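The structures come next, written out as structure tokens.
The two complexes that follow have chain A in common; it is paired with chain B in the first and with chain C in the second.
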Partner chain A sequence: MSLQLDNVTLTVNGQLHLHEINLTLEKGTMNVLLGPTLAGKTSLMRLMAGLDVPTSGRILWNGKDVTGMRVQDRHVAMVYQQFINYPSMSVYENIASPLRLMKKSNAEIETAVQKTAEIVKMTDMLDRKPLELSGGQQQRCALARALVKGSGLVLLDEPLANLDYKLREELRAEIPKMFEESGAIFVYATTEPEEALLLGGNAATMWQGRITQFNKTSQVYHQPNNMTTARVFSNPPMNFLSVTKTGNKLTYGNGQHIEAQGKIADLADGQYMAGFRPNHLELRQAASQSMAFTATLNITEFTGSETFLHLQHEDHNWVGLIDGTHDLTLGAALPVYLDANHIYIFAQDGALVAPASYATAA
Partner chain B sequence: MKKRFNKSALIMTFYIVFLLLPIYWLINMSLKTNNEILGTFSLWPQNLTFANYMVIFTDPSWYWGYINSIIYVVMNTVISLAVALPAAYAFSRYNFMGDKHLFFWLLTNRMAPPAVFALPFFQLYSSVGLFDTHIAVALAHTLFNVPLAVWILEGFMRGVPKEIDETAYIDGYGFFKFFFKIFTPLISSGIGVAAFFCFMFSWVELLLSRTLTAVDAKSIAATMTRTVSASGLDWGVLSAAGVLTIIPGALVIYFVRHHIAKGFALGRV
Partner chain C sequence: MKTVNQKAWFLVLPVLLLVGFSAVIPLMTVVNYSVQDTFGNNVFYWVGLEWFEEILHSERMHNALGRQVIFTTVIMLIEIPLGIFISLHMPKKGVWASVCLVLIALPLLIPWNVVGTIWQIFGRIDIGLLGHSLNALGIDYNYVQNATAAWITIIIMDVWHWTSLVVLLCYAGLQAIPDAYYQAAKIDQASRWNVFRYIELPKMMGVLLIASLLRFMDSFMIYTEPFVLTGGGPGNVTTFLSIDLVKMAIGQFDLGPAAAFSLIYFLTILLISWVFYTIMTNIDKREGM
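Coming up: the complex of A and B.
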């Protein structure tokens, strides 16, 4: 069982929505499509489901070309961001409806519905109508309808985005369990890097209709192969600064420098972009191999246990994420530090040339 | 303590009096004899009589008027909805060339008074042998009812997210099964409201129904305009006929009253 997208391109009214997507999803894998809104996640899912037909390229299911096949014959399952159920039917009938269309016997339907209802914890709600349920329960009903089919491909398009924080946490923890029981190919679209990391499996980062990287989720997170992926797979986005490597020195800012270590030492001399994640910025010099910067503090945002610092360093806007509350003056120059173990080095064209040493060790 | 004067109650009273006075007077007249109607002024019948109603229920030329009207009104409502449902679905779900113009053009049919079409319809139906049939009136009325029904239904259908259609297709529903099993229940209010407007227009429309019928399909409205006899107008029977004409409309309004309120809010009547 596998889903293969072969050079798929989608153009709508002359606008490029998806560009030359090549992707192979294997049986029993959780695949996260990660990207900001308008990156093309939903367009890609609609192609996978067969709701839309690609402008060019082929979609193969188990090696068979299914491009342009009727949706009804594709036997996929899909859950939308909006809570989509059949309002005129009870929850039981909602879950049972795909099975009824498959002409299963009543006994089979009963067993399957009860089993699925148990997985999504809806056993007590089977007699109710979907609109009498809370948002979280409505989405559970939609998930149950997707799971009950036993379809080989389950598409979840930001299924938790419309739920409040608590319900989202709860349901997110359960989705991997539902996935394991089904053994299907799961595709899960999200805009949140945290969600991708919590779900695990594989991740495909998307940016402006292209897949920038597809690999194991932790691999993509720890070793993003270019600046775009790094920006997408980091919340807030990764910060960047220009550095120059000459010999065993890495020069940054106004001529400050640190010793180039590890993989950075092997790079050819020249101009590079260094990137680091917001949570690695520090207010105190912790490591001996620290880079020191003086940045202008524009805004601080306090979220409870953490503080966001919006900084301006040379031409780059940075965001820092630090623990606790800090009494800082806005508009003032602020000394900040960064452990050199935490910097990724990218070539001028954006490709990763040296991953951060902390990430390769992990 | 001085009792406060309740202004809103007063306004409400006037409102109801003005609204109901003509209807009351019609009922009042229908229960009087012709002598009392013409001879004296009385706020309620002095000699209560149901003779006027008996005339209508026993004389075939009267009660067939109602039967004929009901036949073509029901035909018209069924045809209008059967045509408007797919049209409204197409307008709400698909983009096609000229869809907005087509929608507007459909609505312009309602902008002309029915009288304009009386002559062409009469000639056309006569020449194809449809004159004085129920279907003739039913078809003539669809010209006005289909655009209105499409307009109302399109508003309701637009309120149903397209994702429901797609989810149903993914689940394996074919179009017709989806449309009748899942989609129709979701817009039942809209269908109720559209049916109501079709019914009411067709029921009260006089000019076309009178022009297109003579004997076999003569409508009640036409019958009522042809009651002048040698002895003058039969006021009492005419009032009784009027009362009976109001009843079907009142019944329909009663049954769809909740949907109507919803219809004005959700659809765009």
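Coming up: the complex of A and C.
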């Protein structure tokens, strides 16, 4: 089983919604579409489901062209951000509804519904109406409806976005298990990098209607192949600064420099962009190979165990994420440090030229 | 410590006074008439519940009530399904949605006696477009003399006048359904009928309840349009409750019986509305909305 998108483009009213998408999804894989709102995740899913037809390009299912095929004939399952259930039916009937439409026998339906209800932990609520359920339970019911169909392609469009934090964590851990047995292809859209990492599998990062990278989730995270992917797959987004490489020196800020090591040493001399993740910024010089900066502290946000620092360094706004509480003066110059192991080097056009050495070791 | 402060009571006072003057006092004068009789000269004497007994046993009242029930049932059976049907087929957005809404709303903006006049002229066999054409086609249509023709004309007039209300309410209910429901149904391979039965109808239940209740109350009290169109005729065949009541009160000046009639009429509407509302809310609950 495989789903293949071949050079798929979608234009709506002259506006480009999706641009030359090439993607092959394999049987039994979890595929995360990661990108901010309006990146094109939902548009892409609608094409995969067959709700929309691409302007150009082909969609292949098991090698067979299904581009213009009606959604009714595709046998896909979809779960939405809103909790979509049939309001007048009980949970039991809701779960049974796809099977009833397939004209299954009552005995088959009974077995399937009971089994599915157990997987989604809804066995006690089968007699209730959707509106008598909590948000999390409503979404469980919707997941069960998708699960019971036994579709080869299951599309989950930000299924947890409308749930509160606690329920979200609970369901997020359960969703991969729920669908594990089915061996279907999963596509899971989310705006949150953490969610992508927790779900594992493969990740496709999306930005303005393009897929910027598609690979194993950890691979995409550790070695983003360009600045856009790095920005999308980091929360808060990756910080950047300009650096110049001359010989074995890497110059930054007001002429400070460190020794160029590892892959960075192999680069040609010239101007580059260096990027690093917020959690790698430090208040103390920990490593010997540290870069030191002086940045202006604009805002601090304390979340409990961590503190967000919003900094201004030359032309760039940075965010630092550090452990614990710190007594810092707003508006003052703050010395911050960065282990050189943690910097990614990008070319001027945004392509990754040297990944951070900590990430290649991982 | 508990503070006792009942000054907020004064804020309710204006409303009480207003309702008192506009509703309670006029109603009490009706109650007053309903238990008295007079032989003129403004001298009244107590008759107890005699008028009520007379009205409740009068064949005239029974006939009017029968006609009223038939009329209300028929127009509701036509207007509610027709209203749902039209609302389902209206454009959902764009310029045509606005155009349709305005056109649909037009009949609701016409004063009731004008509606009566329009149909009165429209159906006339000498100069009316409808009446004249029908007769030219060889159909014997004359609402002034023929009972069936009179009934059909009144029913069509009411359907023309009031289906719009049902359409507008249902349309609003339909617009409130998120697109994702339709998508989900599509993916589930649900038929058009299933989409209607399990998504649109349950989601429309609330507005449908209001629409039905409004149509029931209004049609049960209908006066102006049939009065202008047929004046309750031919004979008495389109004399509905309110027309009968006015004939009795103003035509014959039988104030006592008319007052008793009014009160019975009022209580009947109240009772049926309550029963109706209870049933509909139960259905509503069962539908899960």
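Definition applied: the second predicted complex is superposed on the first by the 362 of 362 C-alpha atoms of A that agree within 3 Å, B and C clash if a C-alpha of one lies under 4 Å from a C-alpha of the other, contacts with A are read in each partner's own complex, and residues count from 1 in each chain.
Convention: a residue touches a chain if its C-beta (ideal position, glycine included) is under 8 Å from a C-beta of that chain, and two chains touch if they have at least 3 such contacts.
Keep in mind that this is a model prediction, so the values were computed, not measured.
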> Overlaying the two complexes on chain A, which is it for chain B and chain C: clash or fit?
Replying inline: clash
>> With both complexes overlaid on chain A, does A:V71 touch chain B (first), chain C (second), both or neither?
In response: both
> After lining up the shared chain so the two structures overlap, which partner does A:L5 touch, if you call chain B first and chain C second: first, second, both or neither?
Replying inline: neither
>> Touch test for A:L131: chain B only (first), chain C only (second), both, or neither?
In response: second
> For A:V154, is the partner it touches chain B (first), chain C (second), both, or none of the two (neither)?
Replying inline: neither
> After superposition on the shared chain, which partner residues are touched by A:L51: those of chain B (first), chain C (second), both, or neither?
Replying inline: both
>> Is A:Y80 touching anything from chain B or chain C once the two structures are fitted on A? First, second, both or neither.
In response: both
>> Going by the contact definition given at the top, which residues of chain A touch chain B in one complex and chain C in the other?
In response: 49, 51, 71-72, 76-78, 80, 82, 84, 86-89, 97-98, 101-102, 145, 149
>> Which residues of chain C touch chain A once you look at their complex with the stated criterion?
In response: 178, 180-181, 183-184, 186-190, 194, 198-199, 201-203, 286-289
> Quick one: in the complex, what on chain A touches chain C?
Replying inline: 49, 51, 71-72, 76-78, 80-82, 84, 86-89, 97-98, 101-102, 129-132, 145, 149
> For chain B, which residues are in contact with chain A within the complex?
Replying inline: 161, 163-164, 166-174, 177, 182, 185-186
> Okay, in this complex, where on chain A does chain B touch?
Replying inline: 49, 51, 71-72, 74-78, 80, 82, 84, 86-89, 97-98, 101-102, 142, 145, 149
